[in-house]
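Next come two complexes, and both contain subunit A; in the first it sits with subunit B, in the second with subunit C.
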Partner chain A sequence: MSATFDRGINAFKEVLDAPIASFFSSCVHCGLCAEACLFYTETGDPKYTPIHKLEPLRRAWQQEYTLLGKLAKLTGLAKAVTDEELAEWGPLVYDSCTLCGRCSMVCPVGNDIAYMVRKMREGMSAAGHAPEGLVTATTRAIQSGSPAGVKWVTVQAQIKRMQAEFGIEIPVNQENADYLVLMSSWEILNYPEYLGAVGRILNQAGATWTLAQDAYEATNSGIQIGASDLARELVGRIVGAAERLKVKCVISPECGHAYTAIRWEGPNLMGRPFGFEVKHILEVLDDLRRAGRLKLKGTLDKPLTYHDPCQISRRGGVYEQPRTLLNQLAPQFKEMADSGVMNWCCGGGGGVSANERAEPLRMTVFKRKKAQIEELGVKTMVTACANCRVVMEEALEHYHMNVEILGLTELVAEHLDEEQ
Partner chain B sequence: MAIDGPTIAEVLRQQGISRRGFLKFCATTASLMALPPSMVPAIAAALQHARRPSVIWLSFQECTGCTESLTRSHSPSIEGLILEQISLDYHHTLQAASGTAAEAAREAAMRENAGKYLLVVDGSIPLGNAGFSTIAGISNLDMLKETAAGAAAVIAVGTCAAYGGIPAAQPNPTGAVPVSAIIKDKPVLNVPGCPPIPVVITGVLAHFLTFGSLPELDALGRPKAFYGESIHDRCYRRPFYDQGKFAETFDDEGARKGWCLFKLGCKGPVTYNACATTKWNQGVSFPIQSGHGCIGCSEPGFWDAGPFYKALSMPIGPAKAAIGAAAVAGLAAGAAVALRNRSAKKSAQAAHQKVTIDDLEKSK
Partner chain C sequence: MTALELLTWARGTGLSLALAICAFGILLRLFEIFSLGRKADLSPPRDASPGSGWRTIVSRSLPPPGLFKRSPVTYIGGYVFHIGFAITLFFFVPHIELVRGLTGLSWPGLPMQVVDISAVAAILALFAVLASRLMNPVKRFLSGFQDYLAWLLTLLPLLTGYLAFHHVVADYTLMLALHVLSVELLLVALPFTKLFHTVSVFVSRWYNGDIFGRKGVAS
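This part shows the complex of A and B:
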């Protein structure tokens, strides 16, 4: 209970760096980012213009780090940032931004707006303006190891189920394995088939792998809420386990922001490079395929499409691998408009799905994805992010749409040629 | 005189110009002036019936190059004939009369066409000492003021009349000024160039006769139709500039291949004129086409704008020191601001209190 406005402003001063200063200085106020943002296009409300969501941070920069801004503040010509203003901006920064980064793609001067929203959340959370849902999720993640409160016993139960269902051995705490497999809470609770699928694929490929009892959870609420101290602690658990078990590679599961958290933010949070590799499961699948260690048979012969998770395709650069796999497995694979790095977000990334306050807005902005699915006329959608999957399944239910969603890893596992 | 004389069309017919040739001239003039095609009949009708306007031409501190350009270079084009067939009532280089008779002609033209005649001026006006340039014992300043008083409009032909030109170049020993520095109560139209393109003056005359007014001017008093675009933007060598292909010397491979002359000092990018489109000598060529960069002669202060053979991007003369000083001052200011900001950020980092899960909600 010790979040204060001063801590928030201090956090703004800490996160303001050279990239942000140059981004704010180069903004030409063209408004192109609005047209790229789901929350603007589906509501038509100009307050959802991405760069506008950063207004308090921009003013803090101007008044703390620029000569004219400082003079304006001293002479009372500029309005200082207030706590009420931060409260007003809370919904803009947390509810209407999924950190999807589509705005960063269209900015003609190259401003990475998503990067700035991520940084701004540091100040917002320090000032106590993070939404309740995210605070709860983050607290649970720190206390129990998972934002959904999933404990190791739950994982153990799923391990048993998968071992029984697929007749595979699921190694735990094994040293010197090729891969450390992580999961997101959603996979543990809703889609445990993921664990079975990864196990079967890695076993068939002849790779050694393991789970870690003290690091099974891949997600990172600290990044979503914007508290680097907490994000560091969460990612540190994975890094600690990977180093203790001396694995060669950590596999980020079918979860978008987990990949961002471990692969991109992780080493920066830890302040050092990792002694192991971090790969998304799709990258691993593609590596195995290229090495001839992924043997597939049969196809799923129905019209389907692929939903690109923002953090994996756009922010992570993993967009060719799923297509290579789908072209092999699904003869009727069709691309959505704006697929790949310009995909439209599911509407629930970046912590929005953990934020109950944002739910009505999340349903509204799903209209974009709905229109995309309807335009294509498919009844099956494949994706590689459990959060996208949960968010879209809820929204499909909300709109009474009869569309099923599959995880790509499971789809691959179902077509393993296990006789070879 | 002019008011009752033959119309322009009659004069052209006497000169053996067909109606077809006349209309062609009208169409060319319309397109040069960027007027819509629908204006061609209006120009033709106006010129058909226009009486030859009375024109008084005053030459001050000049080299007669403008007169050469306007009266001789295009002979015998239609533009030239139009120029000849205006009623040039006074032009001390061209007229046969001299002395008292010449001045009497000027005074008569001023009296008879008061308020209607066009005054053309070439050359700048010395303000330093009246004796620097006089005509018939009258100083340039007095003659300009007296003649401009009854003129419908004043056309300053050549860079000297328009912007002071070479007489006004540093250190400007005669205190030379352009026409526009003296005449404030009349429309003054500048036709700069050293010398200017002949078709510009005939175009302006045609516009004046057709519409009874001067064409639209830019901020420097030049008709936009001719001075609206830079030489560079209309240059046929522009594609080489865009590709980064430059002649480095006047006899290298690049020069032979006709590459851009920017590095050899071409002032095309900062010069606004119609040379690259209308060209010279009946459309034969213009300086850049002949292999020499533009010297920017139609721009104010062109003589003092740095060496002709130095690229525009290179600093000229004493500016170097100023730029150096500015760079040093800028660096110092930048370093000071950076240091200040760095310490601000450092102290913010020092003030950082580790965020725990108890710090995510507001203190009560």
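This part shows the complex of A and C:
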């Protein structure tokens, strides 16, 4: 156990960098991060204050990397971080943070708290304090290629289904295509229509595309649990396939953290820039639209709103593209009070939805989204993350709310002008 | 030791010592931060976003949408204190004279009445944020000895300066000596307490703006 604990502390030392040192140095305990965090606003419990979730990491930094902290440790004035403490912090770091980064947008001294929680998880998982649900998902992803244990045969079955349903050809292992299409486990299992939709859109646009048999899964539990070596292994499979098939661009599916994993963390995990582009499907749709290659007809004429997946909008910078598309497709599109980069999380991002221990808390904090939907009075919500979708569908069921959720890519595909 | 001797020490040796410790402390703390380094980000930025860090240094001074309503005391108290303190510190004519005496640099001051109001406003704001710290569940939960110490060390120079200026206490020389000493305490504590945010806020805001900026998000 102590060997594991030492690994955790070493991981803390390794992730501590100049930005984190400046963040800890600047915190004045003003408490504003709590006001931005749905785990505090919906529970009223101060222990969910974002900066407090980092307390063991802060003490490790102070005692390892500041002169006064070192002196305090030497003289016994400061007590060292203990394994019990890390165990106690497990639920704070994993259950009550979705890495949504809303706190990082409001901190008056500019602390990127989500950046720090992501880093702190490296030490927590090394010390053996990651929640069981996430450990299982990560192990499965490494062994079978998917956190949900989805195998290629399942994908093949969905390919057949989509080919039959939409009369399209779904290419596999094609070299030199414009796009390599990835899916998340949820899309393979719950929303295979996504694959049909992407296929129809890309075909109509005259783009070439392919799936890869050895890299169909975009989700990455490695970055959620905070294990960079595993995250690297998972991203490496996609990079390997993209390079082997010589594609120009990899399309990250409607999944928030998959985009963060491939687009932003990917090159850093691999230690080199990629020779291909990585885009979220919404970026691709917008590219095609601007190039006049996305021809749409008709509208969905009912009141609806858009739920911004945190990793796509606030942490990913893709917030204008869905609005351009919705303004064209949905004349009654309305914004929630806090939208775009200031959206509220669904409550299940950052691995929380894979963590069974967190389920009751996840339902509680959904009250924020519930209030937003009720304030707007819409019965239809569009989003672009299959995880948000599953989390919200479960919570809507829990609260007996009659609201449907649509994937934006499917909505676009349903309005393709296929005669043109 | 008479009040005059105390004042003489405070304005001479005391001030030099305090300034030296403060300067050394700031350099040490900055070294502690920057020596940790930062790995180059190998992911291609969404847009070239030059200046995003610098913009966030400025933009973070404003409340993000919805936050002001959730925590008005923090914002109003914060603004009134920081602006009031800055006016008192930088635009009170005797302060400018002191800097001129030490460095030769000077700038125009503000009328006494403006400085007076600013100092009172800053003191009142300090009491308001203290009340909020004691009553708001999150702030009370987060606060430790250092938070209250920093509060006291910030209050003392304002309070002693105000009392000296208005000759409220009979012995003006003693009050002035206490004022200078309280400033020295503040200077010595600045690098080693959360008061260091005075310096590090520029660094942390810059990093925040840089991290968000390369993803195409104005933070």
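Here is the rule we use: the second predicted complex is superposed on the first by the 417 of 420 C-alpha atoms of A that agree within 3 Å, B and C clash if a C-alpha of one lies under 4 Å from a C-alpha of the other, contacts with A are read in each partner's own complex, and residues count from 1 in each chain.
Keep this in mind: a contact is a pair of C-beta atoms (placed from the backbone, for glycine too) under 8 Å apart; a residue touches a chain by one contact, two chains touch by 3 or more.
From a predicted model like this one, the values you see are computed outputs, not experimental measurements.
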{"item": "Clash-or-fit label for the pair subunit B, subunit C on subunit A", "value": "clash"}
{"item": "Subunit B versus subunit C as contact partner of A:A78, first or second or both or neither", "value": "neither"}
{"item": "Which superposed partner A:E14 touches (first subunit B, second subunit C, both, neither)", "value": "first"}
{"item": "Touching partner for A:P108 - first (subunit B), second (subunit C), both, neither", "value": "second"}
{"item": "Which superposed partner A:A130 touches (first subunit B, second subunit C, both, neither)", "value": "first"}
{"item": "Subunit B versus subunit C as contact partner of A:Q143, first or second or both or neither", "value": "first"}
{"item": "Partner chain(s) touched by A:L230 [first = subunit B, second = subunit C, both, neither]", "value": "first"}
{"item": "Subunit B versus subunit C as contact partner of A:T4, first or second or both or neither", "value": "first"}
{"item": "Subunit B versus subunit C, judged by how many residues of subunit A each one touches", "value": "C"}
{"item": "Contacts of A:R263 with subunit B and subunit C, given as first, second, both or neither", "value": "second"}
{"item": "Common ground on subunit A, meaning residues reached by subunit C in one complex and by subunit B in the other", "value": "16, 65, 67"}
{"item": "List of subunit B residues in touch with subunit A within their complex", "value": "337, 341, 344-345, 348-349, 351-364"}
{"item": "Residue ranges of subunit C touching subunit A (in the complex, touch as defined)", "value": "28-29, 32-39, 41-44, 46, 56-57, 60-61, 63-67, 70-71, 74, 78, 133, 136-143, 147, 192, 194, 196-197, 200-201, 203-209, 211-212, 215-219"}
{"item": "Of all residues in subunit A, those that touch subunit B in their complex", "value": "1-4, 7, 10-11, 13-14, 16, 64-65, 67, 125-128, 130, 135, 138-139, 142-143, 225, 227-230"}
{"item": "Residue ranges of subunit A in contact with subunit C within the complex", "value": "16-23, 25-32, 34-36, 40, 44, 46-47, 49, 51-52, 65-68, 104-112, 115, 263-268, 270-273, 313-319, 337-338, 341-342"}
